[in-house]
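Input: a single structure, listed below in structure tokens.
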Amino acid sequence: MAAPVTAMLEVREVAVRFGGVSALGGVSFAVAPGTVTSLIGPNGAGKTTAFNVITGFQRPSAGRVSHEGVAITGWRPHRIAERGVVRTFQKTSVFPGLTVMDNVLTGLHLRGRVGVAAVLLARRRVRDEEQRLRQEAERVIEFVGLGRRRDELASVLSYGDQRLLELAVALGAQPRLLLLDEPASGMTASEKLAVAALIQRIRQQGVTVFLVEHDMRLVMQISDCVLVLNYGRLIANGSADEVQRNPDVIRAYLGAGARVDA
Amino acid sequence: MNRVITSMALLVLGLVTALPALAQTGEPIKIGVIQPLSGPVAASGNYVRMGTEIARDWINARGGVLGRQVQLLIEDNKSDPKEAATAAEKLIVRDKVPVIMGAWGSSMTLAAMPKLEEYGVPMVVETSSAASITKRGNPWVFRISPPSEMEALGLEKYLKDFGIKQADFLAVNTDWGRGAATAFGDLLKRSGAAVGATEFMDQAATDMNAQITKIKAGTSDTLFLTTGVEQITLVLKQAQEQRLARKVITTGGSSSPSQLIKQAGPAAEGTYHILFFTPWFPEAMPDGKLAKTFVDEWNKRGHPFEGLTEGFRGHDGIMTAADAIKLAGKPDPKAVRDALWKVNIMGVNGPIRFEKDGPAGKESGQSKPSIFIVQIRDGKIALPTFAAKK
Amino acid sequence: MEQLLQHLLNGLLLGATYSLLGIGLTLVFGLMNVVNFAHGEFYTLGAYAVFAALVGASVSFFVAIPLAIAVGAALGALCERVLLRPLRDESIDTVMLVMIGLWIAMQNAELLGWGGVAKSVGTPFSTQPVVLGHVSVSPLRIFVFVVSAAFIVGAHLLLARTKLGRAMRATFQDRETAALMGVSIERIHTITFAFGAGLAAAAGALLGPVFLLYPSMGDLASLKAFSVVILGGLGNFAGAALGGIVLGVAEELGAGYVSSGYRDAVGFVIIVAVLLLRPSGLFARAERVG
Amino acid sequence: MRRLGLGALLAVCATAPLWVWNPYHLHTLIMAGIFAVLALSLNLLLGYTGQLSLGHAAFFGIGAYATGLLTVKLEWSPWIGLLAATALPALAGWVIGRLALKLRGAYFVLLTISFAGVISLVSVNWMDLTNGPLGLPGVPPVELAVPGLPALSLRTKGAYYYLVLATVVASYLFCLALIRSRIGRALVALRENETLAVSVGIDGTHYLVLAAVISAGMAGLGGGLYAHYTRFVSPEVFLFSYTVTMVIMVVAGGKGTLTGPIVGAVIFTVLPEALRELTSWQWQMLLYGILLIAVLFFMPRGIVPTLEARWRRP
């Protein structure tokens, strides 16, 4: 399938091999701007590896990745983040020793400009920028609904709140493409609903969302497009309905001992 | 936790109450002493300290100086120059000593010297051998030990007897070792002998096999060895293992041949040692009677015999300082400095008299010590056959 | 050629003792994540224990060595119980500083106990060198080499062949899993530290008679042990054993053919090079860094 | 209240030479100040990026030698010397930072130890440059030349105390501003969770190298101040014990805080001197070792954070 000319993200023939083991075997797909796209597949299908390649944490053995037409293959992660491609992690990943506020301020790193020279000499500029960043952080915290936890240490937050904080940190980096690695895993049903709503609101702000998720109900509810990986290969690509009816997908999940319980 | 604090407090209290016991009746005259009492060269520093204590007791037994008892304030420089400077400052400022004796190693002495100039307090330097100590224009420094050049000159008259054609050097990688290698090397070149390999070893090194193997590959007939007695022991043992056939001459005067015989055994056989004191035959010293009494006193106190070749310096240094105070008539640093120029006494080593050294107008004092050579023969210390003749 | 052979022999003899020093340190680091700055002090302890046994109890030299090892291991176990166990959950640098404190305290306790004057230990071996062709070596050093090698092989067998060794290796690989499988982590830690301290004491007991005994002798031993451990890879037993030999030979050749003043620099330069080119150590198999 | 306390503290520090009549005690304070700069510098790496440098004495020593060589051999102004004492170690810090990019934890520790070892041996053996073990005597005192006024020599202890105090205050304020800016947050983020930090656009390499450069530069400045104070530089400035002292000050004082290292520096400079007065030399170091262990046992997070927590609790 030909990718749209204005693809937010285009992955072409990407392969990753660890020693003799192939984790991704020449995968191609595209993510259209303004959509919510999900990447699903049984455990070990290569979903997280795909995320790692896109965000620069894993160098692909072959293939290319481009973001809005610019090749970003092999770039270091922080440069990819600078382009507005920001991710979260499968295992909860926050700055445990910092408060919620400082976590988000750290996420806002790219929105600041001051360097060592400014810290030494242009104290006023530093103060103004700091004020601006705090306001923005405040907004992000309210957006994810952690307003009341603002001054608490990340390490003492509940699991659900930590996952929200993770989202807030990522949103701080002003993504245009946000990659979420299992954002709802381990959450209660009501928490999952909140996350689904949050993802919708993020999309409404013009951010393209690309997520890996195991909860099929959530995936089917929010996705415009679903990609299915199995054994490092893309086996299906289409709308939620199309994918659910795809016999290959059903076989992959049944074969892997799971059910498509949409 | 509470118990820890209580015991700490008790400890502190005990020490504080013990302090006044040190203070003596009357107004004792204080002399500061800076020595390495801990760290790698602690053994030597402690021997020097023992020597200073003998001098103090003798002076006090004779009624002290200017009718007052002499009190030594002994500070540890931990074999570290920074500590030497700190100790000098403490002695001068807190204890108000009119004169200091120290600080064993050249780098320690050099580090303490700016403090002498800053506060105007003289120091008798008892061991350090770096030439620069008296060449830097510090008029508060009075040295009774020989710089390496002077030591080399002392060897000159025996050069023919040794019959050196080519010599190697193995020295500790410090100011002292490097200075000695240069000084003796220059002497040899001046007198027509060649210099082969010059090797260095780290102060803490214990395995010198590499250096010995390298020296063995050359064709020299003599090895000059400059380092502390511990490393000399190791070098001699390891040289024996490798069958290094060389005439060995140790320089610097702190080789303590008695300890070598004890610890290196047959490996020390035949080696020559340049010394500033020969406690085996005190009668051969310039003032035989004094030397004999000193050796007897040392033994009486149960100090190790091998420490004598270091310990005498402590005695001579304190005697010099005390004599200067006596000549000055008061324990005032400037008066003592001026009086040091007039000192003319007999130490264990020999006559102590200062001559001017260094840039004009800011000269330091340098005494010209006597230099002796001994040989280890048949497990005993002997005068070399050629020296005995002379 | 003759010179080269002698250098290589010197390096080999020296290197075996470096290996012995290194494996104790690398085990403690690998299993317990403790950077043991007091390692050299157990070396000193071993040396003085031999001296005390020979002079004080006038036992035979061959009895004194196992005695010294026992003393080192016992004190090591005590240190682990008193100092390290309560700090299990503290950061690695807090623990490291405690070990620095122990290092300072032990060294100065030794200074207080034995005085600063170097002591030498007599041995039943002849001081006449054994001459093999163009090279020569003292019988004592041959004895030290053989015993060191035996200790290294013994330690290897203990790790590889015994139940205790399996438990230790399991702990090294994954502490949590090992604990789940019924390994008592606390016991393994105590044994490991005692084992490391015992090996250091063994090195001290063997090398004390070769060199001299003085309170700060452990500093140099620590330095060499650290070099060996880095060279072989942190926590890598075989690496440490080989690393010791490599360091010994490299130092010897460096001092012999480059400059004796830079002798100790050889070790540092190798470390820097290894860290930059192969941070997992010279002898590690290529591993995927996850 | 906090402001008042700070003001009082500054007033006490600023007037110290007036009421500390004993120059020996003033000397102890100057050394505490120099070590405060060193501890602040080490803390920047250890406390904020979480990387432990055990080669900090190398930066300290390079700083001391930089100004020592320039002022003694080329007779340049000590001010230029102090500038070089900051710049040259900073350059060395950059090199180490670049080299150590991928090294973390114990490997970083070992790299820094080895670096310091090599530098130390070079200082002993490169006779032509450094004078080897003889050291560089005659480092000139710092002179304060205000145009139109006669040059004021900072040779006296009181004057030098103010130079050191000013450096400590400046270093503290610089660290404070740095830590509270986005740069400081980036450093902490790298310590707390490097992967996450990188994923939100923090250039790990850049900030770790930056921290190494600043830290090394500050340590070098401390070395420069030390050289002009003792007026003598020798290879002993590279001694491992200096590094150990710095680490003790930072960790015992409280790493990752700004007052901790300063408190640690004062305590662990004054403590050995106090022990010197209280006990015989044999017991000093033994007690020092035991006290260090005790502090770490009862206050593993450091003196300042522990006391702060205790202050807040009742």
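Worth pointing out:
Order of writing sets the labels: A, B, C and D. Residues in every chain begin at 1.
The rule we apply is simple: a contact is a pair of C-beta atoms (placed from the backbone, for glycine too) under 8 Å apart; a residue touches a chain by one contact, two chains touch by 3 or more.
Quick caveat, the model's predicted, so the values are computed rather than measured.
Connectivity note: excluding chain A, the chains that remain are still joined by touching into one piece. The chain closest to the protein's centre is D, with centres computed as averages of CA atoms. Of all chains, the one whose Cα centroid sits at the greatest distance from that of chain B is A. Separation between the centroids of chain A and chain B, computed from CA atoms only, is 73 Å.
Here the CA centre of chain B is 36 Å from the CA centre of chain C.
Annotation: 49 Å between the Cα-based centres of chain A and chain C. If you average the Cα atoms of chain A and of chain D, the two centres end up 42 Å apart. Those residues of chain C in touch with two or more other chains are numbered 108, 111, 261, 264. Counting partner chains per residue, chain D has residues 124-125, 282, 285 touching two or more of them.
Going by the touch rule set out above, the chain pairs that meet are A-D, B-C, B-D, C-D.
Within the complex formed with chain C, the residues of chain D that make contact are 46, 52, 99, 102-103, 105-107, 109-111, 113-115, 117-118, 121-122, 124-125, 244, 247-248, 251-252, 255, 282-283, 285-286, 288-290, 292-293, 296-297, 300.
Those residues of chain C lying in contact with chain D across their complex are 29, 35, 83, 86-87, 90, 92-94, 96-98, 100-109, 111-112, 226, 230, 234, 259, 261-262, 264-265, 267-269, 271-272, 275-276, 279.
Interface of chain C with chain B (complex): residues 2-3, 6-7, 10, 14, 108, 111, 115-118, 120, 127, 129, 131, 136-138, 141, 207, 211-212, 214, 216-217, 219-220, 251-257, 260-261, 263-264.
If you check the complex, the residues on chain B that touch chain C are 37-40, 42-43, 46, 173, 199-202, 204-207, 209-211, 213-214, 216-217, 229-230, 233-234, 237, 240-243, 262-263, 265-267, 304.
Against chain A, in their complex, chain D makes its touches with residues 174, 177-178, 180-183, 185-186, 188-189, 192-193, 195-205, 210, 214.
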